[in-house]
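Please see the structure below; I have some questions.
In this document, chain identifiers A, B, C and D correspond to the written order of the chains, with residue numbering beginning at 1 in each.
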Amino acid sequence: MSQPETQPRHAGLARRLADTRAFSETLCEPLTAEDMGLQACPEVSPPRWHLAHTTWFFETFILKPFAPGYKPSDERFEYLFNSYYNGVGEQYPRPQRHLLSRPGNDAVRAWRASVDEAMQALLNRPEVADEVIDLVALGIEHEQQHQELLVTDLKFSFSHNPLAPVYRPRQDSDAQAPPLRWHEYPGGLTEIGADPAEGFCFDNETPRHRQWLEPFALASRPATCGEYLAFIEDGGYRRPELWLSDGWAWLQEQGAQAPLYWDLDGDTPAYYTLAGRRPVNPQETVAHLNYYEADAFARWSGKRLPTEAEWEHAAVRLPVVSGSSSGFVDNRRFHPGVAGADSEGPAQLFGDVWEWTASAYLPYPGFAAAAGAVGEYNGKFMCNQMVLRGGSCASAPGHLRATYRNFFYPHLRWQFSGVRLAHSMEAGRAPTPTIIA
Amino acid sequence: MSQPETQPRHAGLARRLADTRAFSETLCEPLTAEDMGLQACPEVSPPRWHLAHTTWFFETFILKPFAPGYKPSDERFEYLFNSYYNGVGEQYPRPQRHLLSRPGNDAVRAWRASVDEAMQALLNRPEVADEVIDLVALGIEHEQQHQELLVTDLKFSFSHNPLAPVYRPRQDSDAQAPPLRWHEYPGGLTEIGADPAEGFCFDNETPRHRQWLEPFALASRPATCGEYLAFIEDGGYRRPELWLSDGWAWLQEQGAQAPLYWDLDGDTPAYYTLAGRRPVNPQETVAHLNYYEADAFARWSGKRLPTEAEWEHAAVRLPVVSGSSSGFVDNRRFHPGVAGADSEGPAQLFGDVWEWTASAYLPYPGFAAAAGAVGEYNGKFMCNQMVLRGGSCASAPGHLRATYRNFFYPHLRWQFSGVRLAHSMEAGRAPTPTIIA
Amino acid sequence: MSQPETQPRHAGLARRLADTRAFSETLCEPLTAEDMGLQACPEVSPPRWHLAHTTWFFETFILKPFAPGYKPSDERFEYLFNSYYNGVGEQYPRPQRHLLSRPGNDAVRAWRASVDEAMQALLNRPEVADEVIDLVALGIEHEQQHQELLVTDLKFSFSHNPLAPVYRPRQDSDAQAPPLRWHEYPGGLTEIGADPAEGFCFDNETPRHRQWLEPFALASRPATCGEYLAFIEDGGYRRPELWLSDGWAWLQEQGAQAPLYWDLDGDTPAYYTLAGRRPVNPQETVAHLNYYEADAFARWSGKRLPTEAEWEHAAVRLPVVSGSSSGFVDNRRFHPGVAGADSEGPAQLFGDVWEWTASAYLPYPGFAAAAGAVGEYNGKFMCNQMVLRGGSCASAPGHLRATYRNFFYPHLRWQFSGVRLAHSMEAGRAPTPTIIA
Amino acid sequence: MSQPETQPRHAGLARRLADTRAFSETLCEPLTAEDMGLQACPEVSPPRWHLAHTTWFFETFILKPFAPGYKPSDERFEYLFNSYYNGVGEQYPRPQRHLLSRPGNDAVRAWRASVDEAMQALLNRPEVADEVIDLVALGIEHEQQHQELLVTDLKFSFSHNPLAPVYRPRQDSDAQAPPLRWHEYPGGLTEIGADPAEGFCFDNETPRHRQWLEPFALASRPATCGEYLAFIEDGGYRRPELWLSDGWAWLQEQGAQAPLYWDLDGDTPAYYTLAGRRPVNPQETVAHLNYYEADAFARWSGKRLPTEAEWEHAAVRLPVVSGSSSGFVDNRRFHPGVAGADSEGPAQLFGDVWEWTASAYLPYPGFAAAAGAVGEYNGKFMCNQMVLRGGSCASAPGHLRATYRNFFYPHLRWQFSGVRLAHSMEAGRAPTPTIIA
């Protein structure tokens, strides 16, 4: 079968690249020129910096080494917009990214346009090296990750403004969360992790490997705001026996009394959302917990967090986008929804909130980081962080999969991160699950 | 066309107010929308915040209490743009001013316009209370102070951008600084401080009071960059015996090796200026020293800093703006110049650089702070700071006078602050001055 | 004279208790009265505090609830010497333990004696509850752990004294470390963890559970000082690609260039030991590495750290004390020795240095913390720490076993902590081990 | 009149030296061996360190340069016990002084004895250089200052022990403080400062110089605990308008609600004293205020603090030790007493509490620091500190004089520092003083 002559071999990839690049700018449309520089703490970055850094990624790892005759707009951007790649060189100090008012919004957009043009030209060439194809695929995923950060970082920065800026208006849902049920799994010798031959994955998802699981059960949906409120009202933030030692120290130091963005001072609990300040909706899936809070809530519930292997074992059988309503960024709610009914498996595993697991972020047996500077992408962070699974309302819909491993320090709360309960079953007990997985 | 009848009694004040308000916006003309939010440390504020806070001052202290029927644009601005007036209420945290992307640049300018209109209407009324007149005069001086801060804060924030943004291009001077001479003063019982009856002054300049001075001599001009370079090259930053104990601790902690903005790494010393990065001009008056550096340089020179009484005693005889060339902000150089020749008194006492004195910022004998919230303007800062005199290249020309007391913590360097030497003369010695003061 | 009839049922336990208690005081014999209060950082405690806190443990958890009519010497000690048991009550601030000059050394020893007497009386009673027996066993292990800390804490505090105090003189060894070999293990479905029915273990070693292992190899001995020196000389501390991101940040912040206590400034590397300052012995097993250093050394070696399951799988077949020479505290060297030859399994797995594993300290599947305040012993620390195995030259000889899990934050170096290399083998490859395990 | 032949020329000085040295050890008599190493913060030093450092002073500045053939006990002590003399060399880090358990108490006492012997031998020589005489006099004063610090530092360290150690029992006074009166002074051209020809003084008290004073009045005694309690009860610690800006920031950060050592939690106010925990005695002179508290109390009282010139002008006419009861350390109360009646001048100007003045610690006109390393004694601290006058219940009786300038940072409270009120009088008003000074 003949390809149309004008259709280059990598037209699909090129189109996906263009769409992804365009969506980053779409996310900035509701923002003012002033908003584009906001950075409320070293861990978050300004929207403009995200636009620039994702462009830097394509210029540094693809155009400079692979595009014949490519000339960068400004050599100094290599330093300014490097995030953490020591293999590339020194980096502009992260806490100061908000000080880069120059290059301004227009200059960054112009740089994006010129890099986009060069990328399309490169992919349009008759021969494109496999390495370039792989790096473009990586660059698309990288840009999607920064789109998610752009949204979560913006929410954090906006939350410091007493005017409670509205990023995008949102109609509140009046749906009810279904009662909590348990999905049981017999365990045994299973496999987890991704096989690169089956499609794009990050190096940290490999190698696919065997893992022994004891019988366990997983909640049919994540915890709701209402359930979390019950924990608060039961003195959850004042009872040291519910907390890990580091969590209790964090709580004492911060004076935390509720999830991030919550305000318990008024008559009814309220929180800041990207649609402005709102009363807390008890039916909604709770978000902006850190690991300590998720763990304390689980202990209070008489349960525990699932391991990442348990989570993946349950999730691998299920579609990433279930039904007509996506919990990802394409629904433009920028807020977790109310869980729907579970059926063949637990509901809302993908999207709405990242789910903290009980697993530390460590290399899988046999893991080897990718070669070169992109090898710094994942491997060097394998210490002191916990794994989260499933993606959130700020994740791109095509970006997630059951083997996807996200990771954050246990004290961080600015992601849409929630909690799904699990519990172990007696080893000898034959699982008679509500729903057999 | 004749104006006299319609000319309100306070037309002069109203015009001066309008001019001052307009100049704040003129200073922002070279800035991009993105620049308007820059804040590189808690001590400096974003340009937009300066525009808003100065507006807040008129609204809070004049329009709300005195303008009949005045309705603020947004009640929440009272909190957002209060700097440090506890008498008015709580304040938005100073280190977070850069997070106020909303209200944006246009909204702040619209607020300025509405407040300006209300102020003109108030001054246009047939009867204006003396208290209002006094507060308007204070508000003008307040706005001028923030104009100066806008410039110095911007320089500090811009300096963190490796692109070395140009605020306003500047032609380098090829003038030569004249040799250093000494102006001698016999001392005796003198008076310093301002008499409010003779024109506007801040409360901290009062009361005018007697002070005994021993014979002293004052340098004919501030120290130059070249002289300061000699101090550096003589190991000035490595010799503890030249430094105050707190200064040496500051130096060790910061790793300072030169004035702020200087870069000694290249072949020739360079610094960041508001006209971009430049080679250091040795003829130019040195700036961006803190008290410790000024004091160490003086000790290395075998001299000392003048007290504020000595400085004032010398300065009170001299015109604030000497000759055709002003060292103030109206020359739009935003950089200290080369000192001219001295004549009846020391040169460059006013403008170019603030001069550190050996005097702690303390109340004059009999000092009483103004009543009400504006009483927080000066008095509550009378601890831990040192007095500087004379104004800088960022000061408004009508703003300075011989009795004017500026004050900063001894470790701060972001002001255009320099050093003029002094020395004591033997008490018994009859002064035969080069120039008799 | 015959004892049998009067011999209480728990005489063995009572004797072991008395011996353990006495050894804590033996460890303090070389110390001056002044040494007993040393605390160089919040993480370490003064020797006197260790003597008091271990006494507190018996008084709080055993005598107060179980000894009829027991009257504490001083009720205020409950607060002063509680370490971290929130279930018992508030705690005296940890960083201030060195400020408790009162109760003094004699008072603490008197308290020890009175508690010891009450404990012996309790164990001498005709009926002793099983719970008491369990708590006494726990109290003995607890005291042994604090004996180890007493030694390592003291080394840390002493190291801040430029006089390099000698705790106990030591003859340097002239033994040679054998060449490094590899012990290979085929993996498969294994079991790890302790079964409480088989003898004392901590709750964190339970439950015994199944675990799948891929084929792996373990080094025949830990790395030596000489091998670690080669890493240093090859620029190990200057090459970011060898380090975890958090490790590189730690290194930058601390300016680390060698293991703790090392000094590279002289002609030959030297270190502070409990026998005073010594030249580094290249044959000796290297100690005082943190996790970041162990991990970077492994990466530089082209290897990795073993997981705790791998380590335990190899160790469970081996005697804890091998041959005539123990690597534990009973040899009174207070310093790691030179590894001997391996035979049926890797050498020096027990004693000399704790070995960092690649495993985060997390609950085993089905883990449940002990009930009551002693439930705070282990479980609440299961976050942000890494597992170490095998015990050190400061551990009590009867205290260790193959299932024993120690845990520290990855940045800490004051323990005798070293590194044993491991590597994965190709999954398909039939292991032809040098030595089949 | 003839001197006995065997009496060396400097026998008086030698005896005073011996007495002073002995008194340092007397002060340590109530202390246990464990107490000798206490250091609760970097600003205070352990008793043992004070004993060593004062010995270092004689060895370094006198014995090494002037005693023929003198051989130091241990050359390493030069580094260990140097406080802040950069001219001598590097210093052991101040916050770690408590880590010097070696040399121990006995070793330090032995060193003291050997230095004392060498000093007596030196003074016993037929010829003693004037420079040595001056340095011995300085060394005596230096030791007295450290005796005072030994007491105040010990109180601070002891206060961290919930057992509230008793240093020396004390009988509470039942005296009543007399009502507050005012002593008025007409001011005019006065002289302050010391003339070295008239007896020992520190360089910072010189030169004696002229100073113009406006008419003022000084309180007849310092404020009492009862008066200070009224300030607290009137919301003194909650009203920002009473505080300097830096003081309010200090208060917010520390959560201060009362003077140091006070505890308002019980039914009646209590404080920790060197005689243990006691109810606050309202008649007693209040102590342990910092400058911010003293200044806020004065503002609340509608008064102000005196300047150091005013204080000295009033004090210079009065005997340092008035009546039979001394407020100095020789009374061994280690606590401020109740003020007695004033007569020719204000009462309790000397002893009991240091009195904060409104004067920053700055060089007097014409000040020149002493030559050599002892020139670091005073001059390099002339920044950021405030002057206190009069000495406290921890000062040596022969140590004080009207010209004596003490200085501390305004936030510090661990000295026995109190407040005496002052006020200005109308310039034109002819003072009709209660008591004419």
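Worth a mention:
Going forward, a residue touches a chain if its C-beta (ideal position, glycine included) is under 8 Å from a C-beta of that chain, and two chains touch if they have at least 3 such contacts.
Being a predicted model, the structure only gives us computed values, none of them experimental.
Path length between subunit B and subunit D in the chain contact graph, taken as the least number of steps between touching chains: 1. When chain centres are defined as mean Cα coordinates, C lies farthest from subunit B. As a whole-number value, the distance joining the C-alpha centres of subunit A and subunit D reads 61 Å.
Centre to centre, using the average C-alpha position, subunit A and subunit B are separated by 48 Å.
Rounded to whole angstrom, the centroid-to-centroid distance between subunit A and subunit C, based on C-alpha atoms, equals 38 Å. Contact between chains, as defined at the top, is found for A-B, A-C, B-D, C-D.
Residues 32-38, 40, 48, 76, 79-80, 92, 96, 98-105, 157, 160-163, 165 of subunit D are the ones that touch subunit C when the two sit in their complex. If you check the complex, the residues on subunit C that touch subunit A are 84, 86-87, 189, 209-212, 214, 240-241, 243-248, 291-292, 295, 304, 307, 358-360, 362-363, 365-366, 376, 380-384, 386, 410, 424, 427.
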